[in-house]
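Two complexes come next, and they have one chain in common, chain A, joined by chain B in the first and chain C in the second.
After this line comes the complex of A and B, so read on.
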């Protein structure tokens, strides 16, 4: 059974533990600026919204890549960037309509959430269960997929 | 019965794979006129700077990928007999097809100036071109680049990092005039100049004189530049000549396709740089000549080749990303804006940071950015989702950097 990140913004307190855990796991530093999951703050509404890649079915990034540098990990369902193959052309960063593939100018490659190979550190670090790693057919994912379909360029005729 | 796909670029390869996936019972023939495994032109700049080898440019890395279900063969499409559904190759081979895909891409146009056919002049379009450029390029070599359009600017980066002493001649009044607005195009020029590139805008190459050891390029306003290598990147033209006599309608020199990627002749489809397809933003048909569009066309064309009418194209958003000696620029959709629309921008000239957003009422329709690398794709999400921004429109006008927040508000009611 594939699992996916389930995000419940109502539970998020904006503590940024997830960003710290992500940047440490993937970049070896505690630096929220290097995190693949981001907390967006809505001051007026007093709300925090964690946001990262949903590993969407459309996989815009994977299809747009000219050199096959993004592959699906069959075990986790995550789209993973193969650093050795990526040329840093950034086409995936503009093709992803969720804005979840980002260019890292220091390495000349792109980075995106890869579910930490099946043990996402953001979920592990979140003290309030705003981020959980659950069966893929849990409700939250369906909601995310619905947003994805709003951006689907290949609406089927009739 | 067989599907025949002509052209082994991204449009052709993705179409062939999609055909194979949704109709595995039928054979797919992938015909191309380049003596290479299918590769990506986009990767050429990274080959020039030796970040990758030739294999790194291949669209598919597994040598077995084009095996049985997709048969890749070398051949030059010469003509089509649309009535009997036969493709004729230059070597005399005939191929019967159930449906034909024209994914022949485009090729560079050389400006018609004296000396353009000289030995030291090349395009930068194919692996063969790349080999020629690599052989000449050495640190300190003087190189003249004709054209600072999208392709010109992509190559520019590679030329500079190879240590070339570079001059760029562009007809337009700024760099990448068909992708960047005045402010960002001018800033990009300033950036290049600060990095030591000699950029001439509103300028034209008038002739090229070839001497044994070097060439002299004569440029408007009596300017002269010496060059060991001249690279021409002055526009492209779709490859559709082999369709002469078929009755296939052309538009802007490319195959005019409908929303099923079908040409005016049933059974003949087109995709990628060879197709004049629907533009999401303008509602008009145009040749976008970019990789993401080629891929999308390929997928949609294939679905309709299997079952005509099965997938309706919603139009591609024209999108470009460019890295010019470290300055990253992006354009989306109607970045020029539309009549009756309005816009907002934020400029930090000293840090070469810029964002310009274009609206129609309260939806985002286009954007230009400079120096932005985080969450930039959300601009596509906002444009293609046609989200009504409501109060977030004003918030964006006040601070255009809040695009992620605006997206979350529109999609999650955050």
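After this line comes the complex of A and C, so read on.
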């Protein structure tokens, strides 16, 4: 079963545990500056929103890459960057409509979410289940459940 | 080792900045943050120095777990000699700048001297420079934050700054970071402004990587996060209600100081409580509380994000206050509310916003307003001093007016900026000041929670709840329940809390974890990150060493055992209502035993024996 990251901003507290887990898994360092997932704070609105790659099927980054350094992992559905092939041209960072592919100046390659090979550490570290890793065909299940619980025929009678 | 092993020394007088290796021998004895920075401070400054003179120093210090994945590992402290107290001041803050500083590669920043002109310290990883800040002087913290982001063209830079209150000399000005987190108490912001240092802006991209045993660290920190999640206080109470979960609880046990501590219960406590913050407003159907929020790395997330009713008199036609910002914590809600008798949640939230906007401590501010209200009602001050404002208990208008005045230091704001002690002395009624060592009380009346009386009297930074939060035991039963109305065993309880807290404050972790964690939960996390064989015993010993070092500094600064005291009101006037009715604070019954347990003389001085036991500097 293919799974995908499911993000529920309402539950996010902005703690950055996910950013640290991501950078630790991928770079061996607690470093939000090197995280593939980012938390955005909208201060005036009082909102925190986690944002990362959603692994497009027809991925702009994959199609744009001139050296075929981005491949789909068939097991996880993740678009993965092959470091040995990537030349750091950054065309994928321009092609991606969402900004989730970024250049890493330390390595001269691009970095993006690869779902940690099927065990995304951001989801594991999230203390509030704002980030979960769920059935790719049913990412809306929890939202449907929440709305279903509010659906009450009796409401019309009142 | 999870220290970066280097510190930044910034001489503001001549503008020279240099890197130094961290003294690892001291780190082994004093951990980091509060403890280690105090060791540096004691070594380098004359205890008799003028807190607002160039000889005082100002240290920003992280702990070994700051910037790591340990839950709450984002804290930093500001260590200096406090202008409010003349004692050691150490104020702890969360938010994000502490972790950012660590990620830039620094355990500590020591600021010394005084800049001839307003400057800001700009740190990007290994590079640090002083930039002119003439254009920022005279600006609020919020405007300063905005201007620095624009000027440096870096949306991700983290900023700590002082506001106009600090520039005007308010003695309880705070250092505000990330817009609404504060190194709040004892006037550390006043010291920063006295050095002409307006702000520190930090960007760190190196991260924290030097964990001693990364695999063990990930294992043990995950295990301990689960302990926090499973605990009723840290897993449910604090995230849902914040520290405000306490408002109704403390009122019910008769320990909610009201009207400058004349009463111990507030009739409108429910109107300013966590429950009230969650109630939808009539005007727009939204509650005061928008959401909870976390500091860096925190899996508790007790922070409050709030709005003010746009139709409320405090913000009418002032859209700059209509958005969300840091909302009321318990201490602020108490000081701004119960202690002033104001039961208007929107007015309290507004005053809290202004405290953050211009950087001053809401506890000391609220308590000073309360003292001013009593002075006014007693006729010691009149509308002559207050430009016609009637400073009466319960007046939301007076509270909002006072906040605006202290923000700029104009008019009566200069008097209010003196703090309760100097204000009451100035107007001839020193007995009306509810302070210890010149610092205002926080939100627990020692007549109803006896251990807090000893806590306040002996706190090394003046009246403070965070030096030994015996409320945990006396009210909440953590780690075990003791009788809040009894003085029995409280000397030992206070000492145990003081020592353990000094250790926690030195690690980079938040003291709020100790609702669920003891040093037994913390030691394995420190040990997995750091060399040194860190056990709970070693942490506790370091905590006791830190406490004695702070005390030693205070004694050299000219304080004596006579300063371990409480205002007469708490010693002589009985609580009028509630479970503590008829009680006074039984300090006399606890203090001699406390000195004995500490190994100090009967008049509270350190002995040579104690000094050598902990290896304190001669």
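Please note the rule applied: the second predicted complex is superposed on the first by the 138 of 158 C-alpha atoms of A that agree within 3 Å, B and C clash if a C-alpha of one lies under 4 Å from a C-alpha of the other, contacts with A are read in each partner's own complex, and residues count from 1 in each chain.
By our rule, a contact is a pair of C-beta atoms (placed from the backbone, for glycine too) under 8 Å apart; a residue touches a chain by one contact, two chains touch by 3 or more.
The model shown is predicted, which means the values in this text are computed figures rather than measured ones.
Once chain A is used to superpose the two complexes, chain B occupies space next to chain C without a clash.
Set against each other, chain B and chain C touch different numbers of residues in chain A, with B touching more. In the superposed pair of complexes, A:125 makes contact with chain C only, with no contact to chain B.
By the touch criterion stated above, A:103 is placed in contact with chain B alone, chain C being left untouched. By the touch criterion defined above, A:46 reaches chain C but does not reach chain B.
When the two complexes are overlaid on their common chain A, residue A:95 makes contact with chain B while staying clear of chain C. Legend: residue contacts after superposition of the two complexes on their common chain; A:14 is shown touching chain C, with no touch to chain B. By the document's definition of touching, of the two partners only chain B reaches A:67; chain C does not.
When both complexes are overlaid on chain A, the residue A:27 reaches chain C alone and has no touch with chain B. Superposed on chain A, the gap between chain B and chain C at their nearest CA atoms measures out to 6 angstrom in whole units. Under the contact criterion defined above, the residues of chain A that touch both chain B in one complex and chain C in the other are 45, 47.
Of all the residues in chain B, the ones that touch chain A in their complex are 10, 14, 40, 42-43, 46, 51-52, 56-61, 280, 291-292, 295-296, 299-300, 303, 309-316, 319-321, 323, 326, 328, 330, 332, 373-381, 384-385, 403-405, 407-409, 411-412, 414.
Remark: chain A residues 9, 38, 40, 42, 45, 47, 49, 51, 63-64, 66-68, 85, 87-91, 93-105, 108, 147, 150-151, 153-157 touch chain B in the complex. By the touch criterion stated above, chain C contacts chain A in their complex at residues 67-69, 71, 96, 99, 103, 156, 179, 204-209, 214, 218, 225, 229, 239, 290-299, 301, 303, 305-307, 323-325. Partner chain C is touched in their complex by these residues of chain A: 13-17, 20-21, 23-24, 27-34, 43-48, 125, 127-128.
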